[in-house]
Amino acid sequence: MSALVAVKNLTRIFDVSKPWLNRLLEGKPKAFLHAVSDVSFEIEERSVYALVGESGSGKSTIGKMVVRLLAPSDGVIEIEGVDLFREPDHDRVEKIRTDIQMVFQDPYASLNPRWRVRDIIAEPVTARGGKADGLAERLLEQVGLAASDASKYPHEFSGGQRQRICVARALASEPKLIVCDEPTSALDVSVQAQVLNLMSDLKEEFGLTYLFISHDLTVVEHMADRIGVLYLGRLVEEAPRDALFESPKHPYTQMLFAAAPKLDGFGREVAPPKGEIPDPINPPTGCAYHPRCPFAIDRCTQERPEMRQLGQNRVACHVAE
Amino acid sequence: MTALAQAWRSDFMWSFRHSPVAVVSFFMVLVLVSGAVFAPLVAPHNPFDPASLNLMNGFSQPMQPNAFTGDVFWLGTDDQGRDVFSTILYGMRISLFVGFCAVLFAMVLGVTLGLIAGYSGGMVSTVIMRIADVQLTFPAILVAMLIFGIAKGFTPVHLRDQMAIWVLILAIGLSDWVQFARVVRGATMVEKRKEYVQAAHLNGRKAVGIMIRHILPNVVGPVLVIATISLALAIIAEATLSFLGVGAPPTQPSLGTLIRIGQGFLFSGEWWILFFPAVTLLALALSVNLLGDWLRDVLNPRLR
Amino acid sequence: MAKSVLSVRDLVVEIPTRHAVLRPVDKVSFDIAAGEILGVVGESGAGKSMTGNAVIGLLDRPAHIASGEIWLNGQRVDNLRRDQIRSVRGKEIGMVFQDPLTSLNPLLPIGEQLTETILEHLPVSKQEAEDRAVAALEEVGIPAAAARINSYPHEFSGGMRQRVVIALALCAEPSLVIADEPTTALDVSVQAQIIALLKQLCRERGTAVMLVTHDMGVIAEAVDRVAVMYAGRLAELGPVREVLTRPAHPYTRGLMASTPLASKGHTRLNQIPGAMPPLARLPKGCAFHPRCPEVQDKCLSDPGPTLSGCGGRAACWFATEEVA
């Protein structure tokens, strides 16, 4: 097995300054938001890599950069050995782009309400000038809908069915990698199970690779082979699924696991985690987690921890062992 | 047939049938517009055919036989003996034609600029919207007069009367594109962030394709509403310009021109020459406007 | 059983539309005792929020209570006039919504909002109301409460804002709190804080809580009893441990099995086929029958027993035998 995706030192900075006149009048400097800082990971072919994190962790930003909807400020994204943003051969980049697809979070906003399902599903092919006769019908059956649904409009479908249509569209260009940005967080539990099962089946059938972005640990535990935990734009821990869930090393990962509600946690009284996610425009010095970390030492407040190997896990923490 | 029956039962038709204002104004618009369109068939006289005019019929009172010829005119005649009812029908033709064309022009211009501004953002958007802002600080009628004056200056003298209608359309259209641009820009900015646009983008569709095929169909609703309300405004703007003497020439009198001519006779007692064109203009503008208001209420999801 | 703070009997909410009369809440009955947390769980459109809104008296027209009774502390409240509903609602019922910004006035400092609410419902002086406001903020864990009393809602983070809303909901010392998806918009770590806070405060004060959520994990950790709703009807009602570990209704069983936690170690999740039907197209008989793995002839025509609030746990013809 080889790495299909290699992300190296990926960084994305957003300029969140107020308009220049306001800055001038209020005497404030430009403000920058480090949505993603120095993130590196690799995704094996035919595996599921999950990025977990809370709001502001930068997980969706990474997803958008991998599908080339956003350009990185720094760092490299290589897919099948081709640098997505620096490769000079335009045709090669376009070829790689057809190998990458995305399934979005909101099944209501991700289908154009004025288009028929047939045209929606065929778009990855037709937008590049290809012919797509019968493609939509075939894919609809593949995702568990009827071929006759092709001539309907999106509003005639429920949330779960719409997400199936989104998956069908993602399959149209015969991709290798599908980036799934919270694909089931807008769905009800019983429907979520259907969509997750569908995605697992399709992965086996087409030999797909998923980059799975989610805040839901239970879903991630079910789907992922390897997991990266993000906090405030940085990867704090990365490990194979079982290693991570059995022995999380980073205090943040431990906190996340402890805080997640458990189905068998009847009347569980846990000491709730302290603090909230800090303002990403002015993150804490040193390790960004130190103000909330129960194990923080002086070193954590000044020096940012580098990623280091700890058993099967890679951890960015001074004290973890 | 089933499609028709289905359309009749749709929410749109349901709210139409349950709104007396909409029904009444719709039929008023229908009557007025068909009267204008079929003017040559409906009008009892052709006011532009000098051969059919009899100066002896001048200043006939409405519904009363003329003192000299004994002819009866429903709405009376003007100083030339032209039948006021017929001139209104023909005048409405010109008013509506100018209104429709001006709105169409404003719509195409405004929607295009609004789409571009909303989709590209940044400097492009700033430049377009600043021009719009500056234009909004002047009354529309002033802008129209300015454009009318400039355009007239560039037209050869012998073509002026022929070109007047087109210059009028240009002037009113250019004074009215701003609202289309503003609304379309706002709606485009909302749609642009939706995930189906991102999906199209990552599937390699070009910006122009995304704007026309994806975003445009999703912003037409509000555009239609503005177009209807703009039509009423454009008809009034045309009448105002013509009333001020800078619009339709007397050889092609619109409702505004008729009112201008009519007001000269008001104080000598021939009120009908002014009154009936004015009432027609009022009815036309009001019914189109009410229809537009109703359309806005129905198509605006926030009010439901 | 302790005396009920809230008891709802055969509540029916109807929405007349052009085509038919929809019933987003259909013959729902339950009680909440003082100090008890009742969880109401279901998929979107199951009628759980509508039930909460009916209790508060916040139904948007044309939705209205068509039949049934709502009793609050022994007083019948479903047939009160609008102005009476207002005084009861503010005094006896506190509300916490998903989005904290909908319950807070963005133009007023939070202290003023708290003081105003206290003065309106409790017979205290202005000075005392202000002291109580600070105390309420301290109680919900807002650091430096006395100093932050003049801050505006936008100056707080999401979690802190939800704490302020809880302070606001509890400051008039209501006997019932209705929390509608209070943590859905929050991150996991903050969610844990808010749930812990809600539990602690209600235990201490003996407030009854109706916690509406779609999250089974939150239900398991926070509530004493749980009501499972499906297509406007109560599918199952019982102590949380019983319902979650030994579900009696096939829908609850399916719901529990389809959570990823329940399928740990399996490559596929158990799934319920299909989706909840829209209210306008409810099937005849039991609304769950098209998706039910244990469906029998009887279910196709007869909607099944109605839960009365005390007797019976699941609204299913074939559930009772199993539980016994």
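General remarks:
Each chain gets a letter, A, B and C, in the order it is written, and its residues are counted from 1.
Here, a residue touches a chain if its C-beta (ideal position, glycine included) is under 8 Å from a C-beta of that chain, and two chains touch if they have at least 3 such contacts.
These numbers were taken from a predicted model, which means no experiment stands behind them.
Under the touch definition stated at the top, chain A and chain B share no contacting partner at all. With centres defined by CA atoms alone, the chain at the far end from chain A is B. Counting C-beta pairs in contact, the chain pair with the largest number is A-C.
Taking the mean of the C-alpha atoms as each chain's centre, chain B and chain C sit 54 Å apart. Between chain A and chain C, the centres computed from C-alpha atoms are 32 Å apart.
The residues of chain A lying in touch with chain B in their complex are 67-69, 94, 97-98, 100-102, 104-106, 109-115, 120, 123-124, 127-128, 166, 169, 173.
Residue ranges of chain A in contact with chain C, taken from their complex: 54-55, 158-161, 188-194, 196-197, 200, 215, 217-219, 221-222, 255-256, 258-270, 272-273, 276-277.
Within the complex formed with chain A, the residues of chain C that make contact are 43-44, 157-160, 187-193, 195-197, 199, 214-218, 220-221, 240-241, 244-245, 254-256, 258-264, 267-273, 275-276.
Per the touch definition, chain B reaches chain A in the complex via residues 194-196, 198-205, 209, 214, 217-218.
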